[in-house]
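Each of the next two complexes has chain A plus one more chain, namely chain B in the first and chain C in the second.
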Partner chain A sequence: MIFLFAPAALFLILVFVLPLIRYCWISVHALSVITNLEMIPNYGANWIRLYNDQRFWQDSFQTIRFTVTSVSLEILFAIAIALLLDQRWRGRGVVRALTILPWALPTTVMALGWRWIFNTPHGPIEQIISLLGFESINILSNPNIAWIATVIGDVWKTTPFIALILLAGLQSIPNDLYEAFRLEGGSSRQALFNITIPLLKQYLLIGILFRTAQAFGVFDLIQIMTGGGPASSTESLALYAYLNAMRFLDFGYSATIMLGSFILLVFSCLLAWLIFNQIKKIQL
Partner chain B sequence: MIIKKLKLIIIFTLLCFSSIVIGLTDTNKPIEINALMPAPFADSTERLVEQFNQENKGKIHLTVTRGPRETESVSDMAISSMILGNSPIDILLIDVTWLPKYAATGWISPLDEWVNDEDIKSIISGARQGNSYKNREFRWPLVADIGLLYWRKDLMQEPPKTPDALIKISKKLQNEGLVKYGYVWQGRQYEGLSCVYLEVLKGFGGDWLDNSNQFRLDEKSSIKATNWLRELITSEVSPKAVTNFSEPEALQIFETGDSAFMRNWPYAWAELQKPTSSVKDKVGVTTMVADTNQTPTATLGSWGFSILKNSNNKDAAWKAISYLTSEQAQKELFLKYGYTPTKAKLFNDIEMLEMSPILPELEKALQISEPRPKTPIYAQLSDVLQRELSAVLTGQKDPQKAMISAQVSSENILKSAGELRS
Partner chain C sequence: MTLILKNLNRIINNQWIIRDLSFEVLNGECLALLGPSGCGKSSTLRLIAGLDKPTGGSIYIDQLDITSISASDRKIGMVFQSYALYPHLSVLKNLTLGLKARKLPDSEQKNKVWSVLSIMQLEDFAERKPSELSGGQRQRVALARALLREPNVYLLDEPMSNLDAQLREELRPELRRLILSGGQPVVYVTHDQEEAMAMASRIAVLNNGSLEQIGTPKELYSKPLSLFVAKFIGRPQINILNNQSNEIVAIRPEDINLQEGGINCKLVHQEWLGKNQLWQLQSDYGLIRMLNESDIDVPENITIGWQSTKEHHFSLKTGKRIN
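Up next is the complex of A and B:
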């Protein structure tokens, strides 16, 4: 038995456990340009700094805000899209292929696209607003709403991913169930809430967990769309860790930030899972 | 099956052996050196590199690794390769602000062996800055870059000299409906904002980190400078969107003729002379505005070559560097791509003066150029400043409060750095 799962375990240890241990080790050392990149033990000073670092907590808030908003919107849209693509109609194959397109595009390319779409005053959105006679809203320059633009970019790109998972789920639901339900006089709306959604729950959970973990580590999209600005209002934890490692050459603190955000992520996923289970109990 | 596999293994080992033997016996193999440059530089030096390889055939072969286009991504790439220790790169083209960081970590090698006082004197004074760390040369300049004020010759007789005049002229032109905006610059939260601020700050008589290692961001002049940048936005001389502008966005607005002034680097000149530009032949170049009894300042941003510490072929690398930065090479790069030269002699070159009317302006700007604070922790200091400035420009924070908090954070960063070092 052990022999059989050894390759998988070895693989996991190599790509997951070892780096994590190394990160923990680095996070209790000073390792930066100031120490000439030598590891000097600093006995938890990084963790104290993290705890007192306002920017870390602000970025945590912003990362969670980004994650919760984009994942919820993605789930809503994905359910709609998956239901539509599950129906039989002409040209469905073509549309299915097209739906995947945003997900297949490299993030860099589409983030640059969004940056130009939201550009003031030359971007199409601002052009439309000014054509309609409204005052320009300067989306990417306004610290109160710039983060919404990054959410839009993320929702546009990753909704197809969840839709794909849900579509697979929908196709696993046998048609007999619906037929029997209809024979008993149930309406389509009732079928949606009594058959489709409950049976999709496992797939929804997979989608939520996948996307939460991904959105929590968002980097490229934000780096390109706003660079974390204006006034750091869109900076995510991953961006902050990257800044510390690659710009400030402070690898000790960067590792601490990454571990800090890892702990937050584990808590968030746990919380999401608990809430999900609660909902499940109520409905059943 | 087994025989087939055995055959394959035998063929493979034979191939390996023969390639090693060939590699060992070929004594005429030239010294291979590798240079990492941002994509635009890799493209523009392509012909020079080819020429160098031709001239040194059989002795040295220079290969250029084409880095990313964006400046900071090149730094990421270089750092990742240097952290691993055994970097395949011998020569690195680096930006002026990276030097203290790379020199302090010992990633790049001092150039004492190859550079003497005579060589240093051949470089124009402005471009001599930013090449050394702790009084040792670590970098040899290829191209100088300075912040310039672009102005519309068709809209005014003379460019403004003071911050007040700039706002006044802009407003007048805007009221007359001749331009949509007065002044476009780089207000996005990124390195460009620090460059913009340094010019304005010095123009108001302030300083960022002075020679005695004291921060002066909470002083009156700094707050005045911050106020002025904010005023540009509130008075609608600059569009609100300027707070997300980097160089391309500013250039795009100026190029379409929508703005009377623009702050940008010398590269913009060549862009503005292209047939697609609506302001072709209508643009003048001057130095940044400054308060009445202050001298104007241009932020220095230059690129130069460094040799990596781990390189095994430093002499060959230097040979390549001196070829690529020679007067002849710089002249070619200026005539073809508008790269500001660093050799003093070239600023009097008749052929170059004929080609480009802005060369004397570039020389003037270079004489008043200022480097950004020269410390290994510069990136942190700049990041703090950018955050606070961005908060002011977007109306989140009062200028005075922001500058005081920038001062305190900067002092803390420096303090923790100093404490660790002692």
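Up next is the complex of A and C:
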């Protein structure tokens, strides 16, 4: 038994447990270019700094805002797409293949694409706006709305992934159930809320938890689309940690940010789970 | 209430699924649709239920043409082969869901569901999920749901096929009593002739989407209108004599007697069936199955014969009955 289990356990220990322990250790030390990259114990000074760091809390808010908006929109769109792809119609196979395409693209490639789409003044959106005679809105350089552009990019890329999970779930529901319900006088709207969604709930849960964890750690998409700007208005926690480690070479504080965001993530997943339990109760 | 099918057709991809099907099911009558798999019996049921649309023809309940009425408004009580119980809901909620969908008042919902639960002796299982029930209990829940629909017509699609043979026989009288108690017409689909005879007062035999014959079990057995029906009804299967005439002559194994000076035969195979025994005999007419009392010993020279009135004659071309 242990022999069979060992490779997976070893992998988990090497890739997850050891780095996490090392992060915890580093976070209670000063380790930066100032200390000549020596580890000097500073007894929680990093954590106090984190607690008082306005930018950390601002980024936490932005990360949660990004996660909640993206995941909610993705779930809604994915349900719609999955329901559509579950119907029988001409050309469904082609559309199903096309739907997966955004997900199959490397994030860097599609993030560059979105950066160009939102580019001012050359991108198509700004072109259309100016053709219609409206004033330029400078999406990516407006601190109030740039985050929406990153949400659009993320929703476009990962909706297919959830749609695929939900489609698998939909196709596991026997058609008999819908027919039986119809014969009982039920409408298709009632069937959606009483049969489809309850039977999809495991699949929804997987989708929501998976995507929440992933969106919370968003890095590449934002790094390429906005670099966290303008005025760090789209910066995520992962980006902030990266900045501290790679630009300021302050590894001690970077590790503390990562651990802080890890704790936030656990809370967010709990929150997502609670929200999900509420959704489950909706009937008719 | 009477269910009437008039010249019903269904064509998919240029293939006849149902071909010119007409029959009537009277008040409180159980009609069995019998045939091999793919003969169109389940398709017929789906047309009556409104789950599929016919290509042509019409369906009536009494004087009312329901062909264009949607499945949800037809008031049909159907038991599916799979039972189609909602797997995420308890028995109680399974039964309540339809009433809730039809927006019956809460108190009425409760009364109706609990009275049906008591009729079906399911009260102790009200809180169980379908996966926690036995096959027989699931069937009762499916039937309870059909009863709660207070339907104009009952449709049952092979309701016994998921049960073991012994349970099937036990449940037949009970099921028959329950579905006929309301006085509605009942259409019962099965591929098992024995079940059809036990459950139904009349049987419609389908073949390739067309009606071969409709009648009482006795009529089908003693006067089959086609070779197909003759072969389908009656066990052991009817003998087809290899006599090189311009018509097909068939004789049932139970109508053959030992007869001095008759046709010479050689015993090939012998089977014990309890009260009877089945002999397979080689003769000038080909292989013949013969049913005998089990206490008869095999004579040294087997010679057989039958009354000519027991013969069934069918046209070589169409397979239809002659005489």
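What we mean here is this: the second predicted complex is superposed on the first by the 271 of 284 C-alpha atoms of A that agree within 3 Å, B and C clash if a C-alpha of one lies under 4 Å from a C-alpha of the other, contacts with A are read in each partner's own complex, and residues count from 1 in each chain.
One rule holds in what follows: a residue touches a chain if its C-beta (ideal position, glycine included) is under 8 Å from a C-beta of that chain, and two chains touch if they have at least 3 such contacts.
What you see is a predicted model, and the numbers here were worked out from it, not measured in a lab.
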Partners on chain A (chain B, chain C) - clash or fit: fit
Which of chain B and chain C A:271 touches, first, second, both or neither: neither
First (chain B), second (chain C), both or neither touched by A:24: neither
Comparison of chain B and chain C by chain A residues contacted: B
First, second, both or neither for A:120, with chain B first and chain C second: first
Touched partner set for A:183, first chain B, second chain C, both or neither: second
Minimum C-alpha spacing, chains overlaid - chain B and chain C, in Å: 48
Residues on chain C engaged by chain A in the complex (per definition of touch): 49-51, 71-74, 76-78, 80, 82, 84, 86-88, 97-98, 100-102, 145, 149
Residues of chain A that touch chain B when the two form their complex: 30, 33-37, 119-122, 136, 138, 140-143, 226-232, 243, 246-250
Residues on chain B engaged by chain A in the complex (per definition of touch): 72, 75-76, 79, 83, 101, 104-106, 187-190, 239-244, 249, 252-253, 376-377, 379-380, 383, 386-387, 390-391, 393-394, 396-397, 417, 420-421
Footprint of chain C on chain A - complex, ascending: 174, 176-177, 179-187, 190, 194-195, 198-199, 284
